[in-house]
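A, B, C, D, E and F are the chain letters, set down in written order, and residue numbers restart from 1 in every chain.
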Amino acid sequence: MTRIDGRSPDQLRPITIERGWSKHAEGSVLVSFGDTKVLCTASVTEGVPRWRRGSGEGWVTAEYAMLPRSTNTRSDRESVRGKIGGRTHEISRLIGRSLRGVIDLRALSENTIALDCDVLQADGGTRTAAITGAYVALVDAVRWAQAKKITRAKAEPIVGAVAAVSVGIIDGVPMTDLCYEEDVRAETDMNIVCTGDGRFVEVQGTAEGAPFDRDLLNQLLDLGQLGCSELDAIQRKALEG
Amino acid sequence: MTRIDGRSPDQLRPITIERGWSKHAEGSVLVSFGDTKVLCTASVTEGVPRWRRGSGEGWVTAEYAMLPRSTNTRSDRESVRGKIGGRTHEISRLIGRSLRGVIDLRALSENTIALDCDVLQADGGTRTAAITGAYVALVDAVRWAQAKKITRAKAEPIVGAVAAVSVGIIDGVPMTDLCYEEDVRAETDMNIVCTGDGRFVEVQGTAEGAPFDRDLLNQLLDLGQLGCSELDAIQRKALEG
Amino acid sequence: MTRIDGRSPDQLRPITIERGWSKHAEGSVLVSFGDTKVLCTASVTEGVPRWRRGSGEGWVTAEYAMLPRSTNTRSDRESVRGKIGGRTHEISRLIGRSLRGVIDLRALSENTIALDCDVLQADGGTRTAAITGAYVALVDAVRWAQAKKITRAKAEPIVGAVAAVSVGIIDGVPMTDLCYEEDVRAETDMNIVCTGDGRFVEVQGTAEGAPFDRDLLNQLLDLGQLGCSELDAIQRKALEG
Amino acid sequence: MTRIDGRSPDQLRPITIERGWSKHAEGSVLVSFGDTKVLCTASVTEGVPRWRRGSGEGWVTAEYAMLPRSTNTRSDRESVRGKIGGRTHEISRLIGRSLRGVIDLRALSENTIALDCDVLQADGGTRTAAITGAYVALVDAVRWAQAKKITRAKAEPIVGAVAAVSVGIIDGVPMTDLCYEEDVRAETDMNIVCTGDGRFVEVQGTAEGAPFDRDLLNQLLDLGQLGCSELDAIQRKALEG
Amino acid sequence: MTRIDGRSPDQLRPITIERGWSKHAEGSVLVSFGDTKVLCTASVTEGVPRWRRGSGEGWVTAEYAMLPRSTNTRSDRESVRGKIGGRTHEISRLIGRSLRGVIDLRALSENTIALDCDVLQADGGTRTAAITGAYVALVDAVRWAQAKKITRAKAEPIVGAVAAVSVGIIDGVPMTDLCYEEDVRAETDMNIVCTGDGRFVEVQGTAEGAPFDRDLLNQLLDLGQLGCSELDAIQRKALEG
Amino acid sequence: MTRIDGRSPDQLRPITIERGWSKHAEGSVLVSFGDTKVLCTASVTEGVPRWRRGSGEGWVTAEYAMLPRSTNTRSDRESVRGKIGGRTHEISRLIGRSLRGVIDLRALSENTIALDCDVLQADGGTRTAAITGAYVALVDAVRWAQAKKITRAKAEPIVGAVAAVSVGIIDGVPMTDLCYEEDVRAETDMNIVCTGDGRFVEVQGTAEGAPFDRDLLNQLLDLGQLGCSELDAIQRKALEG
């Protein structure tokens, strides 16, 4: 069984994480999963949304978007259509939840970090690349906030690492980190978000074609945990650099 | 370990499925999961959206919404705010995917079935009640279309049954069909959508608090499969009635 | 002259008013005028909109909406279209004005009551059913607020009862409480909102076909006053129950 | 009983109707009811909205709007707010219905006439001035269309005249054509739309304060019919000019 | 070389400026450049937008709009479409910048003046007529504010006069104050905004057809300065009247 | 007189033009003017907007947008706000007009080229960088269309080159290609769009502070023509590469 690009079923695409991409943002990363490229910026602002004021806790939020021609065919801008589509909403919410899963909001104090994940080029797995890159940008932004002494003293806001990978079943074979062409052909498509120590933050699996049984689900979970642990190593290395 | 309402951890709330609730819709169901009540209507229209014309296939779509005071505190109407929120989008998409998972769109011929799932009263599990009830409304609508001979002759559009249940971990104990009060307290919240024969159409799990490990995940999947199989029996009985 | 459903020209359809329909709302009513069913909830919140703050007076507001398949043909959701149509606006405003007509806002103190009238099934006369049902929900909500001692002491916010009925001219004959099929055929269509003692809160008559003369107008007003007084009796009975 | 501006209770304000105000529109009128000034243009386009194509009938529609500073205090533009308010919707619909009440759409053939009523200065009674002026613009537009031979041959689209006036009760006294200051003080406010021969096209009465009884209603209807008949004479004269 | 309406290339159309057009606004002008008629109102409100509070400075803002049938063919209302088009935005911003160019915002104190420029009839040059008329309305509004003693004592908010004219090249000949028919044929179209002493506030030139060289640009600038100085004289006269 | 970054008044920032940045778009360029980075993609689609069908001519359109954290402070997304701001509209229109100025739409045949200019990092001059980069992407897209033989045979759609630069007056000194810090301080700000042979496509100058006289305007035009001619050389080199 060979994949379109010659990878083995459990092999990730080449992953790169380039920190400090933007001169303005407190954290910024250009992350690539093969040809998928996502620019993730983390913006720190003092204060929190109205509904959290006085709670003593911070907030982390995320917005995902695709440039109109990041895909093979140009899409209309959501700003021009005047509304955000369901898919965009869904992914933005997923990224936000995933990152909040490894943040101690109390240690962050009443500060907000907004993660913007803009897909510059899409080739499958944009949401998982976004989560993986946004985590690194988030760490840089938290370090910036700590240096500025606006977080809670002697408390660590980052309580874990988080990475994500898509897995799927193609012609009955479970595979990891699907590119666009594979994604289109997948019978089942699953996004796995794991912490650095291999626990789950989010599991989302969808039968695009036939429903899948428990055994295939287990194989996909195995692949997802494996992929996330490799991404965790790459994130650590990027953060050391 | 007793639950708020005295149920055992693997016990569903009282489930009722009332068919033929509306005089206008081709299929209509008032479904209750305890105090959660969702009105599901299935509307058949001949023809399909522009992007599917000429494909020879039909389409099934879904929209979910909550009445403003279906919840404990009144929410603003999305029509008044002028846009649909992310949660609504996410759930509408989930319901649509789940039902398309058991429909042969080719057998449906170029007809569209729109499922409207309006929450009249909410007490947790509104999306799983909606999927469970919408399936029954969908079957009635397909039967109506078959009687009107607008589907493909000698082909069966309904290729399986589908039901859904929410499961979660509260104080470390996996539990099924969470009511609102339990849902708020759950560390992990998972929605499981299964076919009548126990395979998965959709699996969505989120760590609200601490990430969850593979063992807990497995227990939740067990509970979800069990709950769906019980719902499948209730659906069958309702459809016989 | 027999009507479609066998009624005499001055006969209302079977009217039912079911109080306490929802477990969440401070007042809630499922009202039926024949096959027209409207769920009316009254939500009390302390405080008033910004423009009334400090006035010492409360506020009563209303929103009307139809479920997409409450009608014979499915309509698009106004939330999906991103704007509220003129008819919806018009009816919401009518309901709000009608109920404010029997409330002493000063006695209500700075509290707001929002009436949500959602049409579950439509068969003509949805706005008049909504007003008639919303009044009962409003009374329950005011009683709740009084029990909670948030209204003005020794003052009665409810200064009258209000009910509404549609009347119209079909083939030259004035008739009361039109069902959908009659409404479509009516040359003139009028909505009459009266207090319990037979005075007018709102009168809205429209010539759909030929203009109508003063004599026909007088007959319609007679019918409307009669219908409202019957509805008033039904409301009283429901409130006693 | 003297009125603010010295009129008797049944006396209209000075009314002027200036035809041919715009060089572009097929019909255009600047109508004044005292200090209320409304520019009414009638635009003819061949063809009808999609839902009427092939019916052989035309369509008449209306849009009402106020310039931001037509009133004493500046209002935000509805274009800037991104949505049309309920009052605007309600009045636009009223104007459209009133004018369709005197048009034979079949004689108009498949042509559309759009009436735009823009309030340049407001001092009460803007909707009644709009209807009264729009009728004259409509006649001019129909004559233009007849000259261009795009209406049905040997058929007359204009089957009657229409005018409108507001009436109300102030300190218990019924009065006609209320200016803004009177409108604010009125206990009951009514808009009467009549044909040239004194029949009703639309009757809309609202108790702003206490409900009103049948006797007062009758007095208001008398005043409204009287006012409309005077406006009819002014319209005739303008059309002869 | 004769122009469509017999003017010489450097001749403005007949210009009229009618002050005090509206009874409500603090400043109001009906300005005509030939058949182009724009109603400009200036509304004073105490206070400034949130982002300027506490600055001690005032604010001047402008909104431009066209009535639907101000043009030869009816356009849809921007309020109905639910969004403001690019051209409207662009012109509103130009008018605002031009007027702020001659106002000392500090002398205005924390007050806001909103200029509304509504095109009643369009025949080319609507934005330049709007600027020219709005300046006069602005002066009246400032005088009103000074009389009410809400501006800074002993300081003059109006630090210059401003007027605007369109110039363009038609068949190679530079011409001033283009009417619509000329505007459509122009190869290059330029809007010049000058102060009373002949300096530039804004210069906007666009090659509609072939790019233009420096020599033609210079001729257009000459024409623009000349036109503005004539408009300045007309404004002065109107303000004296 | 030294500038912030040590440049002489007539010196451009380092300019880079990287072609073929995206694997999907028919033309794509990452252009840098110092720290300002804009991703320009050109998307070819066969066919034209409805209003041009059957004209035999093509169309070129442009959309400009900034990533939320391309600037020093994060801005809300226009898609989230649900509408496009005036500045965005204005710049998108400027880019579109500038590029249409050097295209023979007839030679393009009935094809549409959409230019998307997304600012990844902003440091002043984003619109001029966008025009300069978009021109190169446009040329690549036209060459692609020619290779695919969908343009008019034996006709050249590209009839000239186009580049743009901002110029301004700081402390009385005219300077070219302003960075953000300079832009904020500029008394006058001007954007010049020139063809490769030094003629003007668009000239837009605004007095941010005091109005400017003809002499300063001439100096700015000189600087702009000079800057554009240097950019033209860089574009040529990039296109040869």
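Things worth noting here:
Convention: a contact is a pair of C-beta atoms (placed from the backbone, for glycine too) under 8 Å apart; a residue touches a chain by one contact, two chains touch by 3 or more.
Predicted model, so just to flag it, every value in this text is computed and none were measured.
Path length between chain C and chain D in the chain contact graph, taken as the least number of steps between touching chains: 1. Centre-to-centre separation of chain B and chain F, using mean CA positions: 50 Å. One finds 33 Å separating the Cα centroids of chain B and chain C. The mean-CA centres of chain A and chain D are about 59 angstrom from one another, to the nearest whole unit.
Shared contact sites, meaning residues of chain A that touch two or more other chains, fall at 82-84. Ring order, beginning with chain B and continuing to chain C: B, C, D, E, F, A. Across the complex, chain B meets chain C through its residues 22-25, 28, 35, 39, 41, 43, 45, 63, 65, 67-72, 74, 77-80, 82-84, 88, 114, 116, 118, 120-123. Every residue of chain D that touches chain C in the complex is listed here, in rising order: 83-87, 89-90, 92-93, 97, 101, 160, 190, 194-195, 198-207, 210-214, 217, 221, 225.
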